[in-house]
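Structure incoming, see below.
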Amino acid sequence: MAADAAFSWPLRVYIEDTDAGGIVFYANYLKYMERARTEWARSCGVQVRGEIQNGINFVVHSLNVRYHRSARLDDELVATAAVIALGRTWLLFQQRVERSVDGELLCEAEVKVACVGLESGRPCRLPATMQSAAEKIMV
Amino acid sequence: MAADAAFSWPLRVYIEDTDAGGIVFYANYLKYMERARTEWARSCGVQVRGEIQNGINFVVHSLNVRYHRSARLDDELVATAAVIALGRTWLLFQQRVERSVDGELLCEAEVKVACVGLESGRPCRLPATMQSAAEKIMV
Amino acid sequence: MAADAAFSWPLRVYIEDTDAGGIVFYANYLKYMERARTEWARSCGVQVRGEIQNGINFVVHSLNVRYHRSARLDDELVATAAVIALGRTWLLFQQRVERSVDGELLCEAEVKVACVGLESGRPCRLPATMQSAAEKIMV
Amino acid sequence: MAADAAFSWPLRVYIEDTDAGGIVFYANYLKYMERARTEWARSCGVQVRGEIQNGINFVVHSLNVRYHRSARLDDELVATAAVIALGRTWLLFQQRVERSVDGELLCEAEVKVACVGLESGRPCRLPATMQSAAEKIMV
């Protein structure tokens, strides 16, 4: 997939994100990645709150993460999100978190997100605008 | 109010709670206090999830906190919750977070919690079991 | 104090910030307020990470918060920070969190932040650039 | 690996852990798993804070997670941690989060944790007590 096909979202590391080891707590990279996915969805016209009100939720089905280097307090970061596969009810994202100043790769992940009924938890179809946006950007 | 009238809940500080200053992040004491309030409510027979399913939510109306000393990674703590005033739709809690090993007071707060409609956000009556439990323990 | 003397920082509510009641979890407003204070400090030339490396930390001494209305998923917010008093070793901030679309006040607080030695926890002088910046904007 | 070789740690879902979809936010399962790893380490005589003071940190190198079902507010859970492989400077954990009431598997993961220098970020040897404890329980 061409790198420039990825959606990018700038971030700043705040004290809330760090831990006593002086680095960003490992679970918090998942927050950064989720923000990038959310902003990509928003750029497709899909707002999570509206979907929840319609009885639809997006849940993570599975993920793998490889941590390369640690982000630290005050760092400026970029989180990216690219769709690399999709089905009727799911999207597979490839994501990266990079340090802005030098482009250093800190963390990369694949995250499979499923569209489910809010109450039932059962798979349901992706919103049409999201599906067609995903199909367009996927190589 | 007699100190022994307070409900106590034991806690452990994990790396998730700390920040790059090596201490517990200031907002996380509010998590500890909320756990103590939740466990007190559970001891009265009130489960938050059941209330939310019934269209009732508990929201914090106001609070003040005085931080005395910092908790650190691996510390064992106790969070307390005592009701010091109540109305038909709210409870006022006095809360403390102490270090277990020596009883040192780390943080104390007053937290006013209101019972509201989940959708409307408007005040509604406290669950009866919670109200009578609160009345019993209040001096 | 004139409202326009306050430093403003835009924010977005993500799913990470919300809770099962459908609103922003009450402790997370403290994260928003801390981000505004941090960005104000950065605008004065003070970076928290650099201070920690110099053995200085900023800790919250006390705070009070009044919650007016709840922020919800996808809301755009503004967090403000204004210094309303200061001593040699502390700053008192007045802070607000507002909904951007209509300027509705969601939450307001006073937060006293102390400058302390990272190891000792004892009060120490504010960085000079921060003190002079605070003096300038205080009415 | 025999299931009974896994270290188990009980947990409760609080409102802080949930999101507006009514379920535990996906990143927070990593907190639960880290608590189980921390308590296993403590049971081996290793405290993270002491290691950090000695200039040693434990960082996650990589992980994969498979989410099966969602935990909800007030659920009682058990997080497990078992060492399934180790090197001189790393441990590979297999972890599960289960619902206590019926043993339902909610989430499972493999998490590789590396021992590194706090400042350098370079690999360093595992504490001896941790290594020998890990060797004993590994099948």
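Order as written gives the chain letters A, B, C and D; numbering starts at 1 within each chain.
Simple rule for what comes next: a contact is a pair of C-beta atoms (placed from the backbone, for glycine too) under 8 Å apart; a residue touches a chain by one contact, two chains touch by 3 or more.
None of the values given here were measured: they were computed from a predicted structure.
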item: Chain pair repeating A-C, as identified from C-D, B-D or B-C when over half of the contact pairs by residue number coincide; value: B-D
item: Interface with more contacting C-beta pairs, comparing A-D to B-D; value: A-D
item: Farthest-lying chain, centroid of Cα atoms versus that of chain C; value: D
item: Between chain A and chain B, centroid-to-centroid distance (C-alpha), Å; value: 33
item: Centre-of-Cα separation between chain D and chain A, whole angstrom; value: 23
item: Separation of mean Cα positions, chain D and chain B [Å, integer]; value: 27
item: Residues of chain C touching at least two other chains; value: 15-16, 20-23, 27, 31, 34, 48-49, 52, 72-73
item: Residue ranges of chain B in contact with chain A within the complex; value: 15-16, 18-23, 25, 27, 72-73
item: Contacting residues of chain B [partner chain C, same complex]; value: 20-23, 26-28, 30-31, 34, 48-49, 52, 57-67, 69-70, 118, 121
item: Interface residues, chain C side, partner chain A - complex; value: 12, 14-16, 31, 34-35, 38, 42, 47-50, 52, 72-74
